[in-house]
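We just call them A, B, C and D in the order they show up, numbering each chain from 1.
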Amino acid sequence: MPVTETFQPTIVAFCCNWCSYAGADLSGTNRLQYPANVKIIRIPCSCRLNPLFILRAFQRGADGVILCGCHPGDCHYTTGNYYARRRMTLLFSMLDYLGIERERTRVEWVSAAEGAKFAATMQEFTAAVTKLGPNRRLEDLRCRKD
Amino acid sequence: MMETIRRISGVNPRKCMKCGKCTASCPAYDEMDYHPHQFVDMVESDRIGELMQSRGIYLCLSCFACVERCPRSVEPAKLIEAVRLAVIRQQGMDHLTPDQIPEKLDPALPQQAITSAFRKYRK
Amino acid sequence: MQERLKQKAVELLENGGADRILGWKTGEFFYDLTPAVFTSSAEIEREFVFSAFSGANLSKYLIAESRKGGKVAAFLKPCDSYSFQQLLKEHRILRENVYIVGVQCAGMCDMEKLRARDCDGVTAVRENGEKLVAETLYGERIVDRKDVLLERCTVCKSKKIVAFDELIGEQGEEQDLGRFAEVERLEAMTPEERYAFWRGELSRCIRCNACRNVCPACSCETCIFDNANSGFRNKAAADAFEENLFHIIRAFHVAGRCTDCGECSRVCPQHIPLHLLNRKFIKDINTFYGPYQAGAELDSPSPLTDYTTADCEPSAVLTRGGNS
Amino acid sequence: MQRVGVFVCWCGSNIAATVDVERVADVLGREPGVVFATHYQYMCSQAGQELIQNAIHEYDLTGVVICSCSPRMHEVTFRKTCERAGLNPYMVEIANIREQCSWIHKDRESATEKAVILGRAAIAKVHLNAPLTSGSSPVKKRALVIGGGIAGIQTALDIAEAGFEVDIVEKKPTIGGKMTQIDKTFPTLDCAACILTPKMVDAAQNEKIHIYAYSEVTSVKGFVGNFRVTIRRKARYVDETKCTGCGLCTEKCPQKKIPNEFNLGLDNRRAIYIPFAQAVPKVATIDPAACTMLKTGKCGVCSKVCTAGAIDYRQKDTYVEAEYGAIVAATGFNPIKLDKFDEFAYSQSPDVVTSLELERLMNAAGPTGGTLLRPSDGTHPKTIVFVQCVGSRCDDAKGKPYCSKICCMYTAKHAMLCREKYPDTDVYVFYIDVRTPGKNFDEFYRRAVEEYGVHYIKGMVGKVVPENGKLKVQASDLLGGRQLHIDADLVVLAAAIEPDESARPLATMLTASMDTNDFFTEAHAKLRPVESPTAGVFLSGACQGPKDIPETVAQASAAAAKVIGLLSKDSLVCNPCTAKPNELMCNGCSSCEKVCPYGAITYLDKEFRGPNRTVLLRRVAQVNPAVCQGCGACTVACPSGAMDLQGFSNQQILAEVDAICR
């Protein structure tokens, strides 16, 4: 698929309910813009993010997936983001190992007070994913269209 | 000009809360016409021309007591140093220009003295 | 060795030490040994086999066997004992119903490798120390055992039998034969090369599920790929990412629990080096969270259900050295 | 298939200006399962809510999607709306098209498109919603107050007044806290002890209050209404029940040179001591680091003189476990260490003191008996210099970034008292700003200047050099445009205050959040100032931020009111969005149990039907819904996917993913 200038990536942002979703709301309240490509899914805690969901998003055509949660140490459930951190570290490493671009996945800790950080992160992440172009995933050779 | 001073010094004078601890710490207070807290304020209000005319900038000992003690890390001594540098960088205020040289020439004067004077007085 | 095992099996059955024996017997071909449960001395005498092809890891079968009532005795090689202990840790095996006979192992052999050494039409293989004597339709061939070992045995992580009730043969030690070398080679590639490599490998998958069915860690009551409510059960591949997704998820599900027994790659009919996925997780866990060998201990915390406040950030993966 | 109704809110022009609400309603109305879709100016208004309720009746809706502001804003409102119309409140999903769409996008086309996608995701999710019913958990009708200063005492007294049992845990040998060390209080100048000690006695005598002095909280488990707390009662080596507080032991103990922490090391105490005369409980405590008997086994003087036989050298720490419905943190503050401010010569001269030390030097029960004397030579200081903002309003690297709030007022108080008692002294106060917001506060400060003649100088002290028994103070007078050189006899530093060091570990135990300065964070800076974001944990006094005594007492009573409100309930409604295991798929592997922060998961050996009429005994996970808080850590740890989270199930989230990536 050729990368055109009008390429609009699909970006899924998983946000924990207590910090990052509130941070996203704050960036709205402060009218801080970020690209409409970002669609947020609310989860109770970053530890609710099953790596399956990320792979499913890729399977269904997402070009980038980002997880936002409370800063380590500030988890509403005390320890959730520590588990999420390990899971995501290993998953991202695996995706990289499979040759899927490193820039398509990210974890960012955003507190409820960091509306500006949320908007900036989303701008930056969208720009990075746009630059990569459509997600080539790890398509089965047998399904090759060309 | 304010931007230049801010860039040279790396100091943000807006961080100043006007407590006066710099001035309280300054050992050269009595000699200086402007005092450290005034320096910060004058940079902030873009009165840098006056500062550049001031004798005080050469009387600052650069002891950095004000930098050390400032509760908000404003670092007045760095501002003063920046103003000094700004003076030095200024064009057209040379103490010696090339056309003055012929009249100062003297057969007994060593060539090296002219060269060195030129270097010294023409910034 | 086979005779000693048989003798032990018969003894256990006769003195009441066990009601059933879990071992191996010949399948379709002599090199195609399958796990089997024996209930009588006669069966043992007739069918029990322990040879250079007893690669199958018997630990997984104890999940069901230990719950059938009575006592089951099983022969476990060093790598099998790690899987066994990991399953114990996960409360999957009722220890009191199991009698473990640890068996030291000289490395299990790969029929494909043997064939590649001018051994077509093999009808039987005899062990003779470090040598294997293959009887073929075209005469005897002698090969070095080390040349025809299964991949996992060439980089054997440990000769130690970590859980047993009695031992046959010597207790061994953990060893480092560089099992991560292949992972490192892949890591050193560019993403493009890695992408091409894995795309090539995984595109051969026929989704026969052999890897899943043989894996001791893949022993869920219901696999999410079989569960209609998981959202991941598909009768046919939904799209071009389907099989790859399966393998990534499978590797993730066993991460921190996989003992690197290598069964997945041994049974893969398409010869996909699946162990390289699992080993990548093991290597990462070792790097990021300190050395950890699943199954080595009964009470150590598993890396994915544990944490420290000083763990590295996921971005560490993205910024570390190597090719990007 | 659900019958879904979609309600798109304009939010006046907040949404409608950027999002074509009509088109959103139109497009979403054609999604599968959607039987009704409309838009309205203000969905949250009375009329808007009626519109939703009518539609539920008219179209027999089983699920409702509201495209509006953030669910953090009105999810509860709309759930109640639907509940009134007979729909289960958990059949409602919100698509956030204001904060996360109309407010952040300018382009109408792309904002509308995004609003449609967010709506689709919510519809996809609501299709998989299931009615949930909130359970309830009983409330243990007892409160724990951690910290026995004025904040803790006031909170405990108010809770007890309402008829609930309350325990105070205080780490020091006596309750009373910092206020016991203070001489007089601003702005009325009444004696601190005179107003505090009666409260301490009240607390001790109140039958609803139990005081665990010289004790610490070591673990907190459980959740709102049902906390299980372990309290370590440190060994005093004195039997509290036998000691009469006669104080004979504290006079006879041969170890005389132990710095007295109550007087901030300005004098000495014995190895066995009672901090001060009005201590509560008034019992002696042996300092194990100083006692010869405990260190070498030789001495035993106190034991010999004690007629009550209260001394017990073999006493060990004991642990008490108790259950509480609510916990109040009242851990207070301390002045900061001044080692980063050596320009003021605090470490070089005993005549440079902190304000709290000055309180002791002026207190009748202090080391000087209430006469202000220089610690170095015991003479009357004639010139006193006060320095404000020492360590407050600083860069993070140098001190505290915040204003410590109380210093302006206590410095005015000190200056005033010095001039009142010793009219021959010259008193200088160096200030950056004088901050006196409070009832009668500015009047108080003006009195110090106008009536007592305290020299307030706008400027700062640059350095203090001890020389020939004097303190040479070099300072700036910014308004006078001069540098001052004062020969002072005493320099008093208004040190910044910081939260007690026990607060951080306590916050971790309570799972209560803290800010970067280690002050407890309140649930809402304006609207919920005495509650922590962690349910059932409340904040009292300076542990939440710098406060003076009147404010502390006000907050303490407010926290008590919140606790009383909680304890007066018999049971609490639980969050129904809890984890739920599917026993048929559970491996019993314990992965979920290990990641559960609340210990909500236990295991049960259960019989299941196996093949061929056999019975299989399997170990399966059980979740206690009253304990589960719904974080979902277990759902991901579970390899088989047997554990799922109600309200945020795997399928629901996948449906949202699919809808977004469609």
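Going forward, a contact is a pair of C-beta atoms (placed from the backbone, for glycine too) under 8 Å apart; a residue touches a chain by one contact, two chains touch by 3 or more.
What you are looking at is a predicted structure, and each value in this text was computed from that prediction instead of being measured.
The fewest steps needed to get from chain A to chain B, moving only between touching chains, is 2. Using the average of C-alpha coordinates as each chain's centre, B ends up farthest from chain A. In terms of their C-alpha centroids, the spacing between chain A and chain D amounts to 33 Å. Each chain gets a centre from the mean of its Cα atoms; for chain A and chain C, those two points are 35 Å apart. Rounded to whole angstrom units, the spacing between the C-alpha centres of chain B and chain D is 50.
Taken residue by residue, chain D touches two or more other chains at 595, 637, 650, 654, whereas all remaining positions touch fewer.
For chain A, the set of residues that touch two or more other chains comprises 51-52, 56, 79, 83, 87.
Contacting chain pairs in the structure are A-C, A-D, B-D, C-D. Across the complex, chain C is touched by residues 582, 584-591, 594-595, 603, 616-619, 637, 639-642, 650-651, 654-655 of chain D.
Residues of chain A touching chain C in their complex: 51-52, 55-56, 58-59, 72-73, 79, 82-83, 85-103, 105-107, 136-143.
Contact residues on chain D toward chain B in their complex (touch as defined above): 343, 389, 393-395, 397-399, 432, 458-463, 474-476, 478, 483. Every residue of chain C that touches chain A in the complex is listed here, in rising order: 183, 186-187, 191-200, 202-203, 224, 231-232, 237-245, 248-249, 251-252, 255, 277, 280-281, 284-285, 288-289, 303-309, 311-318, 324.
Listing the residues of chain A that touch chain D in their complex gives 10, 12, 17-18, 21-22, 24-29, 31-34, 36, 39-45, 47-53, 56-57, 60-62, 74, 76-80, 83, 87, 119.
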